[in-house]
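Listed below are the structures to be examined.
Here chain A shows up in two complexes: once beside chain B, once beside chain C.
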Partner chain A sequence: MKQKMTVAEKREARWAYLFVFPTMLGLIVLNFYPFFNTIYQSFCKTGDFGKGNKLVGLLNYKMVLTRAETWQSLWNTVKYAIIEVPFGIVIALLLAVLLNKKIAGRSIYRTIFFLPMVCAPAAVAMVWKWLYNTQFGLLNNVFHTRIEWISNPKIAWISIGIIGVWSIIGYNMVLFIGGLQEIPGDYYEAASIDGATGVRAFFNITLPLLSPTTFFIVQTRIIGALTIFDLMFMVMDKTNVALPKVQSIVYLFYQYAFTNGDKGYGATLVMVLVAFIMIITFILQKAEKHIVYHN
Partner chain B sequence: MKRKLLAATLTTAMVLSLAACGGSSSSSSGTAASGSGSSGSGELQVNIWDNNQLAGLQQIADEWTEESGVKVKINVVDWDNYWTLLEAGASGGQMPDVFWMHSNTAQMYMENDLLLNLDDYIAKDDAIDLANYYEGVVELYNRDDNGSQYALPKDHDTIALLYNKAIFDKYSVEYPTDDWTWEDVRDAATKISEAGKADGIYGYAINTSNNQDGWYNIIYDYGGQVITEDHKGTTIGSDEAKAGMEMLRQILEVAAPQTVVAETGTDSLFNSGLAAMITQGSWMINTFYKAEHHDDYAWAMLPYADVNGNGQCDKGERYSAYNGLGWAAAANTANPDAAYSLISYFCSEKAQKEQAALGVTMGGMKGISEDFANAFEGMDVSAFTRAEEEGELFFRPYTRNTTVWEDALQQNGGFLDAWLNPSDPAVMAKACDNAQKIIEDAIAAE
Partner chain C sequence: MEGYAAKQRRTTILIHVILIVMSFIMIVPFAWMILTALKTNQEAISVSPFYILPHNGWHWENFGTVWKSYNFLILYKNTLLMIFWRVVCAVLTATMAGYAFGRLKFPGKNFLFSLVLVQMMIPAQIFIIPQYLMVSKMGMLNTQFGLVFPGLVTAFGTYLLKTGFEGLPKDLEEAAMIDGCNIGQRFLMIMMPLTKSSMVSLGIFTAVFAFKDLMWPMIVCTNASTTTLSAGLAKMQGQYGSDYPAMMAAATLAVLPMIVIYVIFQKQFVEGIATSGGKL
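And now, the complex of A and B:
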């Protein structure tokens, strides 16, 4: 039942709107307008320099959905997510549990693991590009191998995924540490009296009570991984033979929209990605009830 | 206490990361600011993409400032981002005052009236006579439908063969000469690759992306054309072009594998002493001139194709691609007179000679590039100027939206397949047919 607002409440609401206004303005100008414009452009054959857009109906969609490269890129993106999300989370969780204990040099370790987050992604990618280099790379030189880490289509996607995991661990870890510190110590005390410590306590107390944090990380990381672009773009040369098996859908979007100047086709690719992410998010939201343990 | 320490660490990390973000965003806003140069502050904003040329061009621009009293700020934006930024600036009406134009997109910018029409200025200007410049470069910045001129030739470039004398000495192979054919290159590359196998040294290195500075030239030597002279078609699938690419295939058989050149890059391979020969353009001389082992490096003219088999280089058997940048101004610049004055100064005989003498680039004006050959003490770069005296030049192939087909040719479905299977002549012939189709489709879509 909706009740009528009192005068005082109305006055309060007016102030609230005033305070929210700057944020709303930013959202409208920077998010909503581009969003609807992208939808519009996906139905256009766009002209040069944003002029002379011609409506062509579903032509772009027909091309995007019938080309094999679209589906290959979408599959590449999913493969990247399959590596980055689970490994990034499991490793981060283990580190968070270890670094939540009272061990010597804890802060130093935490800082070290968080450091990749502080580096500019482009710089990270450049360093990894040379680590992976077949001729001069540190990896091949240390292990005396000649593995084509980023040129062999069979392993290049894993190599890229590893960079993703390495970059994200620190961030996930900090979120997990935050979650861990919210679990009251009483539970562990009670459990230890009952004889449950160590691994059993981890699976029976830590994991369930941490599930809201875990779910949050899973959801944001899936979306983050599906929009990956910079790693492929920086690490792999345009003429790399493995590129078609690694390039993400956002990479494909960049290629069409900015390199080839076909904004309409690029917009359509983005719409496909949006639809895909919406489906995934919908499924996750449905699953939340069954996965997340609420205290 | 521990918790405070953690908080402090995290805060520091946050601040650092913010600083990192701030750093990158301030640099991008720095370039964005350069896009909004037409603020009438009395300073001209100039955008270029080659850091090697910054010092020389700034010196020339400062001389102009002394005459005109208008300051010039030159910003360098790397090649890829240059076009993204310029396009965004053009769409939003915020372009730099004066900037470089390139054959890839010149027609598109001209047709959309984004560049300042220079006709009236040139007519009134005694210092500029278009007949003194390379025709191909002048024509490039001449709009097809109204015949107006939108940029003045800044420079031109040619291609030459670069080789590492130390590697040739090591395996007792004779140095390349100006009389070499592509067969000679293949034979020398074969010897070096076989002898150098244990050391990981390759006789030759070329990637699919080395087009203007690489395989385009071979196609023209053998009588094919990547883009026909009217810019409306191609003969890359013809027997002549296939003969050229078949010659290249035989070189590829002994050259560095494609995965190697894609990961490391031909220039890095050469500079690390792992490739004996590469082809490169005159705009890259500085990179090799300043390299650690530059004493070992030498340039020869591009090899020719002895198509008629008479054992000497005849007309039409030795080609080098050439390209020329143009100095253009934004149509909506706040200070068109000053912008043109600066362009005119850059392209005047005095500044063109200075540009060559400083070793920035060869001139857009004809007959002033001798000084360029002398600009690199201890390195003979006359191969670049001799290429145009003794051989023939073809203008770098371009259409209205060059990047679309140029990129496609370098990747799967284009010539990448042939680079990966150099031992199979059929794959190369098929790649030529595919290339014919790629270019025709791209032109049809323009």
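And now, the complex of A and C:
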């Protein structure tokens, strides 16, 4: 039997509903309705001019899942993540450990490494595209090479990955520094009595105690990398022969849904992406127990 | 045998070497962007001899030309207004909801908060098509409202502020209650000022990510006169991609304001983005 609410409790609840109302209404209109609407649209064929959706059942899914292009772009996205996530994390961890010591100029270093984080990826991508230019670019002219950084299908995905790593290390580094500062200093003192300093202390103390932070960064970066769009969009021209080997799944979604105006097909591509991310998240959650060290 | 101090010194030098090399790698793209922006196009595409620095004078006027021909004033205005409204809406709604979830008791609280958490777990791409269709149906394409629309509320911000409010001591509020303040007054006069740091974090986080967003402004604001800096750059590159000094001048103009603000308020920036990002 539920207790009746007192006057004061009722008053409190009224205030609370008033306070959560804008957010809840917004979430329903902007997120929950769109969530179900996208699912619905993935079963529809978009009519001309985006009007007159017709239910077509699994037709979009059949097309999306049988086209080589879908699987290729999913693979491209995974390849991008394979570069960005590990390199972005290992370099950031190294920098964080170095900057966690009392050394001269550490705030200047931190400012520099974090700089790409406040820059629009559109601008960053334009600059790198220019650096990568085969004929006139800085890289080829300084190293006296003729590498087709972004138009050779075999290496273009690496070049894009490098931009991703360059853009993200400062952010990962700051998160790592936050994690490092939570490790109590006496762990290191105790270890140094046992003769564990430097590299050994890093592997025996820092890495295990930092593992919750590391796991968190790995998880958010994997999801971030799997939804990459800006770099591919800005660096790869539509006429670039390497585009099919670089375009990400979100890039493909943008092309179908907004350049070609086929919302139904675009919605289906999103569903594939979401399913893929769900699977990865599930695996990560299962793996957490084995990877993260709990004292 | 080598002394401890000497060994220590060697380590310090090694650390600085690594950090300087990394700093160099981080700076080079920015330096090349500015150096190219100051050249003539002919100079920019000359390879033998290959010049690092502009050698026919520094063409500062490139910035003025780009500013005028691509109407940067409008792009700045659009971007600034979008950031302003997104920050105001996000901080306002999230602080209110965060207070209710963090401090008040009401039936259905757990259910409603679980909706907030569920939203945070769903990749945002799934919302885009219907959001676009809604803006389009309202006749709001190419408007400021269209740019702000998906950022009117924030699940993540609500979560962030809820954590902020939960961390505050209980007795403060009880003292105010005895003084006869109602909940609205308690929120405005006592609790909200105490979560200022969470609000600032959310504000900076919202501003930076609104500034960086490319896909949404490209979708809803296709006119050069209504769009943001990011989407404006994409348009320029599509049209004038081979005028390299102009492109680099445009890129410089697009990133410079945020960099200046960042360098001035870097402590708040790094903390804001890291504490928010750390809780995502």
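We adopt the following convention: the second predicted complex is superposed on the first by the 270 of 295 C-alpha atoms of A that agree within 3 Å, B and C clash if a C-alpha of one lies under 4 Å from a C-alpha of the other, contacts with A are read in each partner's own complex, and residues count from 1 in each chain.
Quick note on the criterion: a residue touches a chain if its C-beta (ideal position, glycine included) is under 8 Å from a C-beta of that chain, and two chains touch if they have at least 3 such contacts.
On a predicted model such as this, the values are computed, not experimentally measured, just so you know.
Asks: Will chain C clash with chain B on chain A after the two structures are superposed, or do they fit?
Replies: Superposition check on chain A flags a clash between chain B and chain C.
Asks: Per the contact definition in the header, classify A:Arg110: touching chain B only (first), chain C only (second), both, or neither.
Replies: Both: A:Arg110 reaches chain B and chain C.
Asks: Once the shared chain is lined up, is A:Phe216 touching chain B (first), chain C (second), both, or neither of them?
Replies: So A:Phe216 only meets chain C here.
Asks: Quick check on the superposed pair: does A:Gln135 touch chain B, chain C, both, or neither? Answer first, second, both or neither.
Replies: Touch status of A:Gln135: both partners.
Asks: Determine, under the contact definition given at the top, whether A:Phe32 touches first (chain B), second (chain C), both, or neither.
Replies: second
Asks: Compare chain B and chain C by how many residues of chain A each one touches, and report the one with more.
Replies: Touching more residues of chain A than the other partner does is C.
Asks: Tell me which partner A:Thr259 touches in the superposition: chain B (first), chain C (second), both or neither.
Replies: After superposing on A, A:Thr259 lies in contact with chain B but is clear of chain C.
Asks: Answer with first, second, both or neither: which of chain B and chain C does A:Val174 touch in the superposed model?
Replies: So A:Val174 meets both chain B and chain C here.
Asks: If you stack the two complexes on chain A, which partner ends up touching A:Cys119: first (chain B), second (chain C), both, or neither?
Replies: Both chain B and chain C are touched by A:Cys119.
Asks: After superposition on the shared chain, which partner residues are touched by A:Asp186: those of chain B (first), chain C (second), both, or neither?
Replies: neither
Asks: After superposing on chain A, which stretch of chain C overlaps chain B: 5-13, 23-31 or 77-85?
Replies: That would be 77-85, the one stretch with clashes.
Asks: Taking the stated contact definition, name every residue in chain A that is touched by chain B in one complex and by chain C in the other, in rising order.
Replies: Touching chain B and chain C on chain A: residues 50, 107, 110-111, 114-115, 117-120, 133, 135-136, 174, 237, 258.
Asks: Under the definition above, what is the set of chain A residues touching chain C in their complex?
Replies: Residues 9, 11-13, 15-17, 19-20, 22-27, 29-35, 37-38, 41, 50, 91, 94-95, 98-99, 101, 103-105, 107, 109-124, 126-128, 130-131, 133, 135-136, 138, 141-142, 166, 170-171, 174-175, 178, 216, 220, 223, 227, 229-230, 233-234, 237, 250, 253-254, 257-258, 263, 266-267, 270-271, 273-274, 277, 281 of chain A touch chain C in their complex.
Asks: Per the contact definition, I'd like the list of chain B residues that touch chain A in the complex.
Replies: 2, 5-6, 9-10, 13, 16-17, 20, 23-24, 84, 87, 90-91, 108, 111-112, 114, 200, 207-209, 258-265, 269, 272, 274, 401, 403-404, 407, 410-412, 416, 420
Asks: Would you pull the chain A residues touching chain B in the complex into a rising list?
Replies: These residues of chain A touch chain B: 48-51, 102, 106-107, 110-111, 114-115, 117-120, 132-136, 148, 150-152, 174, 237-241, 243-244, 255, 258-261.
Asks: Along chain C, where are the residues that touch chain A in the complex?
Replies: For this pair, the touching residues of chain C are 12, 15-16, 18-19, 22-23, 25-30, 32-33, 36, 44-47, 50, 92-94, 96-97, 99-101, 104-107, 109, 112, 115-116, 119, 121-134, 136, 149-150, 152-155, 158, 182-184, 187, 208, 211-212, 214-215, 218-219, 229-231, 233-234, 237, 241, 244, 247-248, 250-251, 254-255, 258-259, 261-263, 266, 269-270, 273-275, 277-278, 280.
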